[in-house]
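The data blocks that follow each hold one structure.
One chain, subunit A, links the two complexes that follow: it is found with subunit B in the first and with subunit C in the second.
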Partner chain A sequence: MPLSLVPSHKKIHPPEEFSSEAGAYQLLPFRFVPLDSKKYVLSNFVGEYCVVEREILQALISKTLRPDSAAYSLLKSRHFFFDVGESSALHLLATKYRTKQTPLAEFTSLHMIVPTLRCNTSCVYCQVSHKGAAAGSCDMTEAAADRAIDFMFRSPSSHLKLEFQGGEPLLNFEMVQYIIESTRQREQQTGRKVSIIICSNLSLISDQILQFCEKHDVQFSTSLDGPCDLHNQNRPSAEFDSYDRTRIGITRVREALGICGVSALMTTTQASLSRPKEIVDEYVGQGFKSLFLRPINPYGFATKAGVLTRYSTLEWMEFYKTALDYIIDLNLRGIHIREEYAALLLRRMLTPYGTGFVDLQSPAGIGISAILFNHDGNVYASDEGRMLAEMGDPHFRLGNLLHDSYEDMMLSDVLIETLTQTMTEGVPGCSDCGFQAYCGSDPVRHYRLQGDIVGNKPTSEFCQRHMALFRHIIGLLEGGGTAANVLKGWIY
Partner chain B sequence: MSGIATNVLTDGTQVVNFNTSVYRLNAIKKSAYKFGGLFHVLIEQRDRIIEVRLKPKESCKSPDAFVGEFCNEVLDQELRETVAEETAGIRDLLLAQAFSKTSLIDSESETGDYDSENCAEAPGNQ
Partner chain C sequence: MLLSDRTTTRWNEPPFVVRVTTDASRPSPLRSNEALLVKDRALQCPSGFKMYFSLDDSPVTCSNDARVAALPSTLSYVQDGDIVIVRPMTGGLRVMYRKSSHHNSLMVTPACNNLCVMCSQPPQKADDEVFRLVWDAIPLMDIDTPELVLSGGEPTLLGHRLAQLIRRLKSYLPSTSLHVLTNGRQLKFLRFAQDIAGVGHSDIMLGIPLYSDVSHEHDFVVQARGAFDETVHGILNLARCGLRVELRVVITKINFEWLPRISRFISRNFPFVSNVAFMGLEPVGLAKGNLRDVWIDPADYGTLLEEAVQELKWHRIPVSVYNHQLCTISPTLWDVSHQSISDWKNVFLSECAGCGVRHRCCGFFASGTEVHSRAIKPLASCD
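Let's turn to the complex of A and B:
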């Protein structure tokens, strides 16, 4: 080899120069929380986690970890500490942190419109105090709709999403049509793209509606609470068999718009608790590839009828665990169905990317992830804020489309104050929690249940539920094997 | 338990003393917040002793066990205080770096000269 091609050895050091000395490392910021009586979950600056015994945690902090130990290599590779003088860990962590915070710059993505508060079912847990199908004063006007569309296109988000909520939106399909056509026209003018979803019980689906939705690339989301008797118990109608209409509606939507034309979610009532497998079977039987197991929300008829208080967080967790185990088992038997709550938590835990799930944002996702335009033009920081207003407390009302400007509403005291106070990085009980990076704030729920937008975490149902969910999912992942593989396969 | 002395008052209030040479006030306050759902908590400091009075709420079914849990929680919070103290500067640096357009960590990597890294003998540089 010519001498000129021989690389300089000046920069090549013997292996021993790369080995660390015991205690010669610098801790990086991290949080921790007990997983069980022996193990702790440690999460680094960006939420990447390790599960270790308490002795390891103590050794890490007291810098007595042996450099030749497996724990040393694991914790160093996951950026819980770095060797003094080496900066690559800092660069990587800063870049990952920036990636994780990127959705904040996107600003509001989800825009919900309530074209009518009228409804033709009387769900026991209705969160908005539905009105009868003939109550015409609950319909949105074209003037309010125009302003709602203007408002939506002010958002800098690159992924605008328009969702029709109710009431039952199809009871005012003329307004739904008007808004969709106006939105599609505005898309052409601006070169932007809006995903559109109608949340409906599907009871009023018709060929005319389906043709319109196919033409305008509109999808549906519906509620399916389980088998016929359970669904009808939760979502009764005086006019028709609620389950039958939904089932037929699902079939018709799929025929017209394809298998992805409709998704479904369920709400857990006390009657659901003993039937987790039947609920999952109903989804499998109807050909769904995913379901979202949701606890009940503390608003509207759910509180008036006392439905809310009929089960505890612990009871819901037992229901959830049984259903999740069953879903994992189905997947292992070749029946592919994903549980959406677990999937979005897994995405938050195992990837550097955020999720649009409004309940798990820091600062809170109200207003800046999602916003709601009510039938009367009132604008609420979230759907739950609207639900609260329907109960007589307009605390989260940002203004009215007909009277207030975008700036007035997005810079309103109630929104700014709430966002400022709900950064979990600085919230008591959250700031040190090992699950902080995955969790978030739900100011409307805490305001409703505890009278405070931050909430008292030791007594918070939201905190108890998410702590239990994170522990359960990490337990399954740590158990390894096929269950962990199924869960990891749900990340998207 | 090292550094901890407990006493039970007639109304069921449990009194726990922490030595300030072992425990930080901040760690005790954070633990008190966490156990606020189970106990009414009063914290007082006298010289080198921090006295914590834990009066069980109705929801606290086994006060003795939870007082033990409280003491363990103070240990965990102590560890958290140690980590927070040591990493405060790095945390600020990481946050600043995450949203900076230039490197705040090692400016040399932004301005360094490739040739100065003694690569003159590499074939591409002949």
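Let's turn to the complex of A and C:
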């Protein structure tokens, strides 16, 4: 093994002796996008970014960046270039790229099952065209359920997740029970572990259900849209006070399953826009440590009722920014609550890890990150694909549990074709975007709104909203100070 | 406390190691590797010991061919089970290992391929004898030794002998945790890292210094071009082999402004490390000679250190602060601050007399009491 030269003891050699000559560096791939009128966000394919003035960007590209400047060290540290003769930067980049892409190798993690399409609330934005609680033909059969479980255990994922969607799953709790018991049994046989979540409005929660959930380690996810009047306006029920039932349900779940037994998310309607602080306060008041501020999805009743068209991306961003500012302010005053979408984007910006959020993957997460089994046995590449089918367009249907094999469905033309077309690395409008490393493809949304799975980015509300989100969050981080510190505290 | 001194006696023999005992009736088979510390000069010394230490210059009563040397009073603290290097030609004595200490550090080679501007133990030319003495000493160490540090110089310059040494430690001291202080440059050879991993030591960690997040700055601090590139390869290879890594950032006047970005770099590139240690300077060796260029008052980098520690905490990477007196750092850092200075070179100042948190404080390097922070002052107890 060769020994390196032992340096002489005589004197300290000056820093210049350890710098490359000016301009003797090699650029690494990166993209850039304006942050504001003066600054640019530079980012690379592993998600490291720098915000610099235009002059620095020009100097970087023209290789006139001075080795003794702060920008030189900043950009070199984040692997925008490397000094000629060094190879560690490439190895670090390769390691980070593998790390970031790990979710791809994990394959399908989230498996959604719709045990019934029946529901007892009539949400204004309902994405699946709710059926009345009595409509019997909307329930899943045991045969279909068995096949769904078989399907799930075909996935190589080390983090299998089973989520009951609706309708209201508790209206067919027998089937939910059947699937959970079968799944837990299968776990024993295979030595694998599945986390199980029921998405429910909690109106039907009972001691019997809670005992079952405690025994089988099941958690809940619910919807909470804000204070009583807003919640009931968005999520009315003909049978009961929707807000009251949810509030009581949350308390009962927590008492039985612990504080982490239930999480909540909200959907923004026109009526929500003027009430960001009240919505956040509702979450704080109910003891939640996190909330997820979501814009409305363009499916189902959301479009029929015209709710979707009643606010613009710009209006939603104003709502979001106000809420986020308020949340940060609460944190600074000792009330710890985080906004989950910001937390997701921050993880993408500030950590080397990939995140499995279905709507922000490249290629798209449909099928390979999440998949949905409908009550009738139909398999959809995503929850949104099912919503679209309920509206009459089965484009994203991969097959049926009772008639088609795992291979047929996972290798179906519609899935393969969609995946090959949704790698943002090559998609027009995305390939050279400075935020690409943080974004992803939502082919179902673009298909629905623009009639094309790739979509036209300049007119895409998805693109506009995400560009605005990235700019806003990077702006907050760049602003430094206590607000940036609050956000950095959300990455884990 | 001194670890080395000289005896007046000389004779012609290569250096060797002995384990100290005060028990004149040790079982005979043990005596050949032991030195009897003779306290009662009136007694005729029992035969069979490798050598005999007297506690002053008066001769002890021994057979004529026995090795006898006076133990200087500076080293008279040695106790049963301690191990001493004896250099008969020069009279040199060095306490290599103390059974009662938790800070036993074994220098396995004096040679190094870096020449850090703040090195506390300036490298010397390679000397195989240093390695041989450590090798011989291992079977003499107490099997309950909690921890050993392998340091240098640069241990990896031993080549494949390093893995052999670790294997020997694993054999004789199976429950002793090992901390190998290396610059990691030679570990750029994957085979070398695999060699060490191949030993299968169950409790080993490699402590690797990182002084900047970019090569030209790190290379300047270690005064060796190409060092950063090799160290990074080394760290990645260790991770690949499943070996645990601690990154050690010694804070100097040169790099104190870089601390937050060093943390950022670590969280992004080395999130797998077991610990990151921010270390105060030990003002001996080259650090003493280069004091004007390397010394910085901790009071002048408090905020930067807090930022650097916080960055790692956000990323859930374990972090420690070593060698910083509690009064020189923000109380927010006390929970990660350790009593890190080895007992034999650890002292306090007269100012510390009435301090209420002295029992938690790392104190000072005995060598570094002249240069200390302007922030030094006794604090109120917080219990």
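Operating definition for what follows: the second predicted complex is superposed on the first by the 475 of 492 C-alpha atoms of A that agree within 3 Å, B and C clash if a C-alpha of one lies under 4 Å from a C-alpha of the other, contacts with A are read in each partner's own complex, and residues count from 1 in each chain.
What we mean here is this: a contact is a pair of C-beta atoms (placed from the backbone, for glycine too) under 8 Å apart; a residue touches a chain by one contact, two chains touch by 3 or more.
Remember, it's a predicted structure, so these values are computed and weren't measured experimentally.
Trainee: Between subunit B (first) and subunit C (second), which, if any, makes contact with A:459: first, second, both or neither?
Mentor: First partner only.
Trainee: Just checking: does A:73 make contact with subunit B only, subunit C only, both, or neither of them? Give me first, second, both or neither.
Mentor: A:73: touches subunit C, not subunit B.
Trainee: After lining up the shared chain so the two structures overlap, which partner does A:87 touch, if you call subunit B first and subunit C second: first, second, both or neither?
Mentor: both
Trainee: Just subunit B (first), just subunit C (second), both, or neither: which does A:429 touch?
Mentor: Only subunit B; A:429 stays clear of subunit C.
Trainee: Quick one: classify A:58 as touching subunit B (first), subunit C (second), both or neither.
Mentor: So A:58 only meets subunit B here.
Trainee: Applying the touch criterion given at the start, work out whether A:360 contacts subunit B, subunit C, both or neither, answering first, second, both or neither.
Mentor: So A:360 meets neither subunit B nor subunit C here.
Trainee: State whether A:95 touches subunit B only (first), subunit C only (second), both chains, or neither.
Mentor: In the superposed model, A:95 contacts both subunit B and subunit C.
Trainee: Tell me which partner A:492 touches in the superposition: subunit B (first), subunit C (second), both or neither.
Mentor: In the superposed model, A:492 contacts subunit C only, not subunit B.
Trainee: From the superposed pair, tell me which subunit A residues show up as contacts to subunit B and also as contacts to subunit C.
Mentor: 4-8, 87, 91, 95
Trainee: For a test of understanding, state which residues of subunit A touch subunit B in their complex under the given definition.
Mentor: 4-8, 10-11, 26-32, 34, 45, 57-58, 61, 87, 90-91, 93-95, 97-98, 101, 428-429, 432, 456-459
Trainee: Quick check on the complex: what are the subunit A residues that touch subunit C?
Mentor: Residues in contact with subunit C: 1, 3-9, 12-15, 17-20, 48, 67, 73-74, 76-78, 83, 85-88, 91-92, 95-96, 350-353, 485, 488-489, 491-492.
Trainee: Please output the residues of subunit B touching subunit A within their complex, sorted ascending.
Mentor: 30, 33-38, 76-77, 79-80, 82-84, 86-87, 90-91, 93-95, 97-99, 103, 105-106, 109, 117-119, 121-123, 126
Trainee: Considering only the defined contacts, which subunit C positions touch subunit A in the complex?
Mentor: Answer in residue numbers: 111-115, 117, 122-123, 125, 157, 159-160, 185-186, 189, 192, 212-217, 219-220, 223-226, 228-230, 232-233, 236, 258, 261, 264-265, 267-269, 271, 290, 293, 310-311, 314-316.
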